[in-house]
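Chain lettering (A, B and C) follows the sequence in which the chains are written, and residue indices restart at 1 in each chain.
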Amino acid sequence: MTHPRIARRSLLAGAAALGATPALGQAKPYAGQTLNGAAFQSTFFEYLRGYFPEFEERTGARVNFNTQAFPVYNQRTDLELSTRGSALDVVNVTFIYSGRWIGAGWLTNLSDFVADRNRTPADWDAADFVSGAQSAMTNAQGQTFGFAWEAGAMLLAASRADILDRANQPMPTTFDALLAACDAVQGRESMTAFVADRLHHWNWIPYLMGMGGQVFRDPPGNLTPMLGTPEAIRAAQWYADLLSKFAPSGGLSFSDDQAMRAQMSGRSMFRTQAITWLVPLAKHEESTVKSTVRYALMPAGPQGNYPGSNSHGLGIPAGSRRKELAWEFIQWALSKDMLNRIVRTHGYPSVCRRSVITGEAFKTALTLNGQDVASLYLQVLELGGRSGYMKYRTVPVFPQVGDTINRGIDRIATRQQGAEAAMRQTQQDAVQVLTRAGVRLDGG
Amino acid sequence: MTSERRILNLLALALAFLAMAPFLWLLQMSFKTNAQVFTFPPELFFTPTLENYAALWNTGFRQSFLNSLVVSTAATVLPMLLGVPAAYALSRWQARAASGISLWILASRMAPPIAFTIPYFLAYRHLGLIDTWAGLVLIYLTFNLSLVIWMMRPFFDQLPRALEEAAWIDGATTAQGFWRIVLPLAAPGLAATAILCFLFAWNDFFFALILTRTEAMTAPVAVVNFMNYEGWEWGRIAAGGTMVMLPVLVFSLLVRKYLVHGLTGGAVKG
Amino acid sequence: MTAASVRRHGVERARTRFFQLCLAPSLAVLAVITLAPAVFLLVSSLTPLDLTRPETVGDFSRPLENFRLMLADGRLGNSVWVQAKLSFWTVLLQLLIGFGLALLLNSRDRMIEALRTVFLIPMVLPPIVVAIIWKVIYTPDISPMHWGLSVLGVTIPSLITDPDWALTAIIIADTWQWFPFTMLMTLAALQMMPQELIDAAKVDGASAWQMTWHVTLPFLRGVLLVAGLFRLIDSIKAFPLIFILTDGGPGSLTEVTNYYSFQQAFNFSLLGYSSAITVVLLAASIALSWVIIRAIGWGHRD
C-alpha cells in the first residue's frame, strides 16, 4: 500500500469533527477503491449503513457491505477465510468461530495497527473496549484480532411480572427458585412458564456450570470433554426437565426469534438469554408486554452464577489486499462518537465501549420499563471477563463439540434416551470429533 | 360427460386444492405484516399489504433475481445443446462402449453435490470464477447435462427406428434424419426436459450458497438471507418465495402447449 | 464385395462418425466437470485434511485412517439407516401418487388440462421456500394445521420436535414437493402411448383396471423406473428441508448421511473425513446405477 501517511493523519483529525469534512479539499487517499465487508444481519449494521455515505465522502472509497443470515454468514466466511482469499476486507468475527479463525491464522493482528500512532490516534482508546467482550478477540499472546461491536450478556427476563406478583413470586435468584416460580405460573392465562431457543450449547451451559460441571477439563489447554460426569448428567436432566415440563409445544426447535415472539406476545414467561433478545420485550413495537416485563440477573446454581456472555467483533481477513482501508473503516465504525450516535438515535443495546455504556445516552436507552438494565448488563460482562469461564466457547473445536451437546440435550428432552445414557453418548461423540480434529485428550 | 368422469374431475379438483393449500398459505402470508403472521388464530380475511414486496424490491433482491434468470437460462440451453445429440447417439448406436458411458453419465448425476463443492470452490478461486455467472453455469452442467442425456434417451428409445430408416432410404443423412424426423417427434420430451433443467438450476441452493458472494448471488440464497439473525421476516420470505416462483410458472405455462398439443403419440404410430 | 455392400459400408461409417460427433462434446465436458473433481475427492479422502490445520494438506502418512474412524462412528451408521428410511418412503409415495395422478389427469378435459399446471407448482417452488412453507406448517405458533386441528379439538405435538414424528414430517414435505416430478414424467409418457395399444385392449373388452394393470403399467415401467431412480438420487441429496426444518434433530433422528457429511465438511472443516464419507456414498450410488442400468437394459440392446 502506498498511501501517503500525512494525508491519512489529517483525515483522522477531520473525522473527529463528525462528518464535517467535505470542505477539506484534500486528496482522498482511497479514492476509487472498494471496501468489501461482510457480517451477519443485525440491527447494528442496519443503523451503521445509514452513515456509510459519511465514510465514503471522507475517504473516497466505496463501501460494499453485505449481511447474511447468521448460519449462512458463518459458513461462507469460514470457507472464504480458509482459502485465504481476498474477497473480503472486513468481516464479523463470530464468537464461536473466533478461536478457530484466530488459531488458524486467518485474521490480521490488529495490535500492530493500534500501536502505530500513524494509523491509530491515541484518543481512539482501544483499552476502552470491555475486557469480557474483547477476550474472545485475543490470542494467548495477547494480540488482538478484532474489536467487539456487540456483547451478549445473559439475563433473566419475565414477560408478565404482574402474574408473578399476583402469585407472590419474586424474580428467581436460584435454580430452585426458578423451578418454583415456573410451577407457580405454568398454565396461568394459558402461559407456558419457560421458553428457550434450540441453541442448547449456549443456553444450557450456565446451568451446567451452576451445578459444578464444565464442558472441557481446562480450556484452552486441556480440551478433554467432561460431558459424561455426574454433574453434567444431573445438569442435563435438570435442564431437559425444565424444557419438557415448562416450554411451549415445539419449543425444542425454536429459533431465537420464535422464542422472543413467544415472550413478546405473552405466551411464555421466563427466558434466560442474551440481552439482544430480551430488550425487544420492552422496546419492540409489536411487544404486548412492554409494561409488564421485568429483568434480573441469571439465577445462580448451588456452585455459583455463570451467565453466558459472548461478543462479536470486526476484524480483517489475512488475505485482504486493503488492510489499511479496512482498519480505517473499523476505527470509524467503532469510534466513541459513532457508537454514541447509534445508541442515542436508535437505542442499540449491546455496545462494548465502557465509556459509552457508562454514558447518559446508554443509560437512558437501557432504562427499560423503569429498570436500570445497563448496570445488569455491565455486571455480566465483567463477570465473564474476570474469571474466564467463557473460554470453553472460543476454542477452535467448539463448533463440533457444541453440536454434540445440542443433540444430547435434544435426546433427553424428547425422551429418546435417559440423561445418563444420552450424556455418556455425548461424551463419546465429543471424544470422537475431537480425535478427528487431531486434539490430544487425557487418558486417550 | 359421464358421471364417472365428473366424479373423477371433482376428485382431481379437490386434490389440486389440497396440493395447493400449503403454497396458498405462504402466498397469503406474503401480504401480511409480521404482526398479522403471528396473530393466532390466523385471520383469513385481512387488508393485504404490499409492504413486503416493496421492502424486497428495494434490496439487492432485484439483482439476485436477474442472476437467477440468466444463470438458469444458460444452464438450460447449454446442456440441451450438448446432451440431446448425445442421448440420441446413445439410443441408436450399438457400440459396446455405450454401456460404460451410460454408467458414467448416471453416476455423475447421482453424485452428491457435496462431492463437487470443495474441488470447484478451490479451482474457482484460482480461476476467478467465484461469484460469477459462468462459474454457476459450469457447476450446474454437472447435473443438468446428465439429466438431459438420461431424460431424453427413453424418449428416443420409444420412437420406432422405422421412421429414420425410411428417411435414410430416401437419401437423408443421419444428421438430417435426426434433425427433421426424430427431434420434432421428441418435442414433448424436449420440452419436459428443458423445464426440468431450468427448474433444477433455478432452485439450486447448495452450490450458490458456497460459490457466490454478492454479485452473482441467486434468488433462493437471497430469500434465505431474509432469515434475520434477529428475527425471521416471514412476510418478506413469503414475498420473496412468491417472486422466485413467478418466472418458473410463466415458463412452465409456455412449454405446456408442447406437452399437450405435441401429441406425438399419433405420429409415432405412422 | 459388391458395389452395393461397399456403399452400405460407407454409409455405416458415416453414421458411426455422426454418433461419435454427437457424443464427443458431452463426454469431453463431463470428463472435465466430473472426473477431475472425483479424483480430487478420492485423494483428499486419504488425508486428514482440515482447513484449520494447514499441515494436514497432502498428509498421506495414514491413508486409511478416515475409513477406520468411519467404522467406529455410530452417528454415521445411524445416518445411513435414516437415509434408507427416508429414501424408501419418499420414492415409494412419490411413485404411487405421481402415477395415480397421471392416470387421473390423462384426459382431454379442459379443466383437467388446467389442473395439470396447478399440480406442478410444488415442484417448481425453490426447495428452500418449500422448507419455509413446511416450517410454518410445523410450527404450532403460526401453523394453519395446528390451528385447524385445535378447532376440531385435536391437540398434536409439534411434529418436527417429536421423536415419533420428525422423520415422517420430512417425508410428508418431501413427498409433497416431488410427486409432480413422477407425475410429469408419467404424463409425458402416457401421451406417447400408441393409440392402437389402447384400441386393441378396448376391442378385447378390457376393464379400466385391467387396462391399467396389463397395458398402461407395462408400457410405463421404463419411465417409472427412471422417475423412481431420479427421485432416489435426489432423496440422497436431501438438504434444504432438513437444514431448515430439523437440522438433523431431534437428536440425530433426521440426520441423513449427506447432511452429516456436509456438517463435517462445512461446519467443522473436516474435509478429509467428509471426503471419505462422500467417497463411500459415491461408490454406493455407482453400484446402484449399475444395477438399474442392467435392470432396464440400457446399452445392451439387441
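What we mean here is this: contacts are C-beta pairs under 8 Å (C-beta built on N, C-alpha and C of every residue); 3 or more make two chains touch, one makes a residue touch a chain.
As the structure is a computational prediction, the values presented were derived from the model and not from experiment.
With centres defined by CA atoms alone, the chain at the far end from chain C is A. Looking at A-C and A-B side by side, the one with more C-beta contacts is A-C. Remark: chain B and chain C have CA centroids separated by 14 Å (rounded to whole angstrom). Taking each chain's centre as the average of its CA atoms, chain A and chain B sit 40 Å apart. Residue positions of chain A with contacts to 2 or more other chains are 75, 79, 83, 258, 261. Touching two or more other chains at once are residues 38, 210, 224 of chain B.
Looking at chain C, residues 141, 266 sit in touch with two or more other chains. Per the touch definition, chain A reaches chain B in the complex via residues 38, 40-43, 64, 66-70, 72, 75-76, 79-80, 83, 85, 87, 255-258, 260-261, 265, 276-277, 286. Partner chain C is touched in their complex by these residues of chain A: 75, 78-79, 82-83, 100, 103-104, 198, 248-253, 258, 261-262, 267, 396-397, 399-400, 403, 406-408, 410-411, 413-417, 425, 428-429, 432-433, 435-438.
Residue ranges on chain B touching chain C, taken from their complex, read 1, 5, 8-9, 11-13, 15-16, 19-20, 22-23, 25-26, 29, 37-38, 40-42, 82-83, 85-86, 88-90, 92-95, 98-120, 138-139, 141-142, 145-147, 149-151, 153-155, 157-158, 168, 173-175, 178, 188-189, 192, 195-196, 199, 202-203, 205-206, 210, 219-220, 223-224, 234, 237-238, 240-241, 244-245, 248-249, 252-253, 256, 259-260, 262-266, 268-269. The touching residues of chain B, counted against chain A in their complex, run 34-35, 38, 60, 121-122, 125, 130-131, 209-210, 213-214, 221, 224-232. Taken in their complex, chain C has these residues touching chain A: 48, 50-54, 56, 69, 72-75, 138-141, 157-158, 160-163, 245-253, 263, 266-270, 273.
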